[in-house]
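To keep things simple, chains are lettered A, B and C as they appear, and every chain counts its residues starting from 1.
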Amino acid sequence: MKKNLITKGLSLLTAAAMTFSLAACGGAGGAGSAQDSSGSAQDSSGSAQESAGGAQESAGGASSANSGTEGSVLNIWCWNDEFQGRFNDYYPEVKEVASDKSTTTLNDGTIVKWTINPNKDNNYQNKLDEALLGQENAAADDKIDIYLIEADYALKYVDSDYSMPIADLGITEADLSDQYQYTKDIASIGGVQKGTTWQATPGLFAYRRSIAKDVLGTDDPAEVQKALADWDKFNAVAEQAAAKGYKMLSGYDDSYRTFSNNVSSPWVDGSTIVVDPNIVKWIDQTKTYTDKGYNNKTTLWDDAWAADQGPKGKVFGFFYSTWGINFTLLGNSLETPEAEGGKAEAGNGIYGDYAVCQGPQPYYWGGTWICAATGTDNPATVKDIMLKLTCNKDIMKQITLDTQDYTNTMSGMKEIAGSDFKSDFLGGQNHIALFSEVAPTIDMSNAGPYDQGLNESIQTAFKDYYDGVVDMETAKKNFFTSAKEKYPDLTDIKWP
Amino acid sequence: MHSQTAEKVRKALVYIILALLTFLCLFFFYILIINSTRNNFEIQKGFSFLPGGSFGQNLTNVLNDANIPVLSGIWNSLIVSTLSAILATYFSALTAYGLYAYRFRFRKAAFVFILLIMTMPTQVSALGFVNLITSVKLDDSLIPLFLPSIAAPAVFYFMYSYMESNLPMELVEAARMDGSGEFRTFNSIVLPLMKPAIAVQAIFTFVTAWNNYFMPALLISSNDKKTLPILIASLRSADFLKFDMGKVYMLITIAIVPIIIVYILLSRFIVAGVTLGGVKE
Amino acid sequence: MKEAVPKKSKAAVDYSKWGYIFIAPFFIAFLIFQLIPLVSTFYYSFFEYYRSGLKVVGPNFVGLQNFVELFNSDLLKYLGNTLILWIAGFLPQIVISLLLAAWFTDIRLKLKGQRFFKTVIYMPNLIMASAFSMLFFALFSDNGPVNSFLISSGITTEPIRFLSTVWGSRGLIALMNFLMWFGNTTILLMAAIMGINPSLFEAAELDGCTPRQVFFEVTLPLIRPILVYVFITSMIGGLQMFDVPQILTNGEGSPDRMSTTLIMFLNNHLFSKNYGMAGAVSVVLFIICAILCIVVYFSLNSDHGKKKGGR
């Protein structure tokens, strides 16, 4: 019996070893074609073009009638139902939505199959990666056609063979001309754009009118902007505010994005982490703020941070993006929540006490990009979805009017900005106008594939430094340790 | 007289400590339920010991979210957890009995081997497991979530320890005298004697499987196969328009109710099982 | 019966094949679902094999390089963290659990509401670790109820930032582990004590033993196998400690990585799909666990197999 068991075990093991070495071969093959990260840009665009040749062919053939060569199932992968909602509500070809929302049927009979994996513990990316790596061997109807990505890790997918240049789908620069440049930069590698988005998410500084009046003597957005126009002025106001018993910012990371969006070079050069002087400026500023009591030592999204935005808050202002103001900030500002019978109107909490200005530096926060997966069997449909949902001004404007989502159409947003639109929550200010001024100035040409991991690592490592648990050197060391764990290919670090 | 006062003091002390621990244990359920009656902004803003007015709203929000199939989630979780508990306890008891009641050449080696593998954390083999399951096309299926429970070293070890202190071999021998086959002896004599141990381990296995997020999240993609922890994680990764802690707490509350029921059912069974065992002995 | 009695005695029926049959399902399931993945994990510890983005690097055979790198990292720090966190949670847990188990089974105490208490103590374990730590966050946040209580009762003037200090976060992790597991341990010990023949307690009581004596002279020695079980499983659980510190510190083991446990360290490598380093950590982890467990098992159970079992 024992012998049996052992032989059985051995044969199983051999089988397993074979499976694994096969899997390894497949992986190695993929790596071989992709080369190392530095040389990959050209290489991948080259090979992508090759494969895209075929795509274009089929796209050309299909554009006349959405049938024939197109696959019958369109697989879309995402991490929540945000895009699903936009798609079902605004894509003109939608015929019907299944009662459990797991599929959407299009007019030409194509079934859109939604695969939604929560992103907790990186689960979404884990599964997406496995599926993409297995894409080549998947049956046509199981191949991923569209997947969504977020800005922070966009380049991981953009800088790979697994995303198609949108030009190869037949989307032209003219189609994209009304989109904000930074939204194209984030999804581009070596000048080749591989994803497109319906959102633009410029950021602003939302401040408390009452506190501004007390500290600066005015609550007029133009005047306040003058007082906060660069970091030196911003710091000076922080000192004034502290003298009156206010905090300038709530937490350590509140201002992080304004610094990290304005770096002079990407995070990584070859295999060396290059810490940008602007990041060091964030470290120094935040340490000073913490030691002098200019901030409240909170963390983004935690209870204390949210409470700081409410009626009891003593914080001068918050860096917030398009989506945050009418939902998060408004909800946090009310004394009696709407669900409890409170009304979103002046008199309830600090409704009406916020206003927005551009702040010291332009930046963005958030956003979701649509990518076409290499190997898709529905290129014409994918193209049509991208065109309708990210380039069609009428649809985009409608999305903004219906949902207050700030959309990626410069002229459309200008039209809304120029209207008599105003926000009662912001004391009558037209914040869309301000957003549309800021958005074109955002420069994301220095985004890179390591942004997500390194941004998180540096925030975590230096939180201990601000808290006084470790000194500067230890924080730097912890940052590098964590960075190496996340990206084994990074071997060096350079501080300015 | 003196010892009676001492006894009273001791009793009072015992009750005080028990009351304290009870408070600590139930407190979290209380907050959980309170939070399920509050809406997102109230929860974000801080803590409250008083219920809010959003219970009905949260409940309808959760039940009407087509992307969060609560009922099939409960059903899937029930299947996985129940089968895990049954497989783990039955086969562990069987294995323990095999090593306890029989003397064979590799008995000791097998025992040490199981002890050794008990020390392996699940994370160690997780990625290999996922590769294996994917290569045999069992991903997005509930089977790999419960079938591996057949080999549950910790449950085995507990069963073995329990047999060491509570299963007299004389009983087994008596059954053999009566001409009972080995499997029948195990199923009709040994298993009933093991009831307390089985109930205890069944609860543990059930709860672990019920709350497991790590492995199901790696394997399951289809909405109709998702278990409750995946659904809760889905709610927590909702976009800013729909992000709603009230909904999250409501779903956690919903997820906790079945497990409390199972727990209370099984905990009665432990007591009954113990009495049974005692009489027989 | 046959096999138990030294081999020569009687021949007749040989039961030993049943032993193999009974343990077969376990070993088959183990081979398929655990050993295969495990072997591949160990195998890759000798390779450079990771993902950079979506690009797969390796596998290239590098010999022991991963292990060299591992021992040059903070491995010992994480081992220390793990042991500290385990002991900080285990000590109160075993003391309270033994006390409770003794009280619940003490016929002289005649505790009222036993069933209620027994049911309640296990309940924290029913809450998902992630939900549990969400609640802990809320409770111990800077403006949470614990701090407002501490401030209003004059114990402190400034809020205590629990999760920003090493001992604050370690303490909370230990407290959570204690709360989640003391009920479990109590139930195990109770099941063991209730398995003891009640006549033994009656006899002890007739002999005039105090509760303390009964506990130390009768109960403890008789539940030794289960105690060893509790100790070993808790030690294994402690060495494998992951979800509570992972969730409570957002996966960072903060502050200063002083709450990073071995498995969190392993998880960091798994997260980046670094099969090589993850394999190396797994091997080292396995060796540490195995040595500790075997030592503990055989030192506590030196007379194992002689007294009981199939005769």
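Simple rule for what comes next: a residue touches a chain if its C-beta (ideal position, glycine included) is under 8 Å from a C-beta of that chain, and two chains touch if they have at least 3 such contacts.
Worth saying up front: this structure is predicted, and the values here are computed from it rather than measured.
Peer 1: With chains as vertices joined when they touch, what's the shape: line, ring, star, complete or other?
Peer 2: Topology of touching chains reads as complete, every chain touching all others.
Peer 1: For the chain pairs B-C and A-C, which is connected through the larger number of C-beta pairs in contact?
Peer 2: Of A-C and B-C, more C-beta pairs in contact link B-C.
Peer 1: Work out the mean Cα position per chain and let me know which chain is farthest from chain C.
Peer 2: The chain farthest from chain C, judged by C-alpha centres, is A.
Peer 1: Where the centres are mean C-alpha positions, what is the separation of chain A from chain B, in Å?
Peer 2: Using C-alpha averages as centres, the distance is 38 Å.
Peer 1: Averaging only over C-alpha atoms, locate the centres of chain A and chain C and give their separation in whole Å.
Peer 2: One centre to the other, that is 39 Å.
Peer 1: In whole angstrom, how far does the Cα centroid of chain B sit from the Cα centroid of chain C?
Peer 2: 15
Peer 1: Mind pulling the residue numbers of chain A that touch at least two other chains?
Peer 2: 2, 16, 20, 121, 303, 307
Peer 1: If a residue has to touch 2 or more other chains to count, which residues of chain C qualify?
Peer 2: Answer for chain C, listing residues that touch two or more other chains: 17, 20, 27-28, 32, 36, 39-40, 138, 143-144, 273.
Peer 1: Could you pull out the residues of chain B that touch at least 2 other chains?
Peer 2: Within chain B, the residues that touch at least two other chains are 46-47, 105, 128, 131-132, 213.
Peer 1: Could you please specify the touching residues of chain B with respect to chain A in the complex?
Peer 2: Touching chain A: residues 39-42, 44-47, 52-54, 57, 66-67, 69, 105-106, 128, 130-132, 134-135, 213-214, 217-218, 221-224, 230, 233-234, 236-242 of chain B.
Peer 1: Going by the contact rule set out above, which residues of chain A touch chain B in the complex?
Peer 2: Residues 2, 16, 19-20, 23, 79-82, 84, 99-102, 115-121, 123-124, 126-127, 130, 134, 303, 306-307, 310, 323-324, 327-328, 331-332, 334, 337, 339-341, 366, 403, 405 of chain A touch chain B in their complex.
Peer 1: How about chain A: which of its residues touch chain C in the complex?
Peer 2: 1-2, 5, 8-9, 12-13, 16-17, 20, 24, 27-28, 30-31, 34-37, 40, 121-122, 129, 132-133, 155-157, 159-162, 297-298, 302-304, 307, 449, 460, 463-464, 467, 469-470, 474, 478, 481-482, 485-489
Peer 1: If you look only at chain C, which of its residues touch chain B in the complex?
Peer 2: Going through chain C, the ones touching chain B are 1-4, 15-23, 25-30, 32-34, 36-41, 96, 99-100, 103, 108-109, 111, 115-132, 135, 138-139, 143-145, 179, 182-184, 187-188, 191-192, 194-198, 222-223, 225-226, 228-229, 232-233, 236, 239-240, 242, 263, 266-267, 270, 273, 275, 278, 282, 285-286, 289-290, 292-294, 297, 305, 308-311.
Peer 1: Which residues of chain C touch chain A in their complex?
Peer 2: Counting only chain C, the residues touching chain A are 17, 20, 24, 27-28, 31-32, 35-36, 39-40, 43, 49-59, 73-74, 137-138, 141-144, 161, 164-166, 250-252, 254-257, 268-269, 271-274, 276-277.
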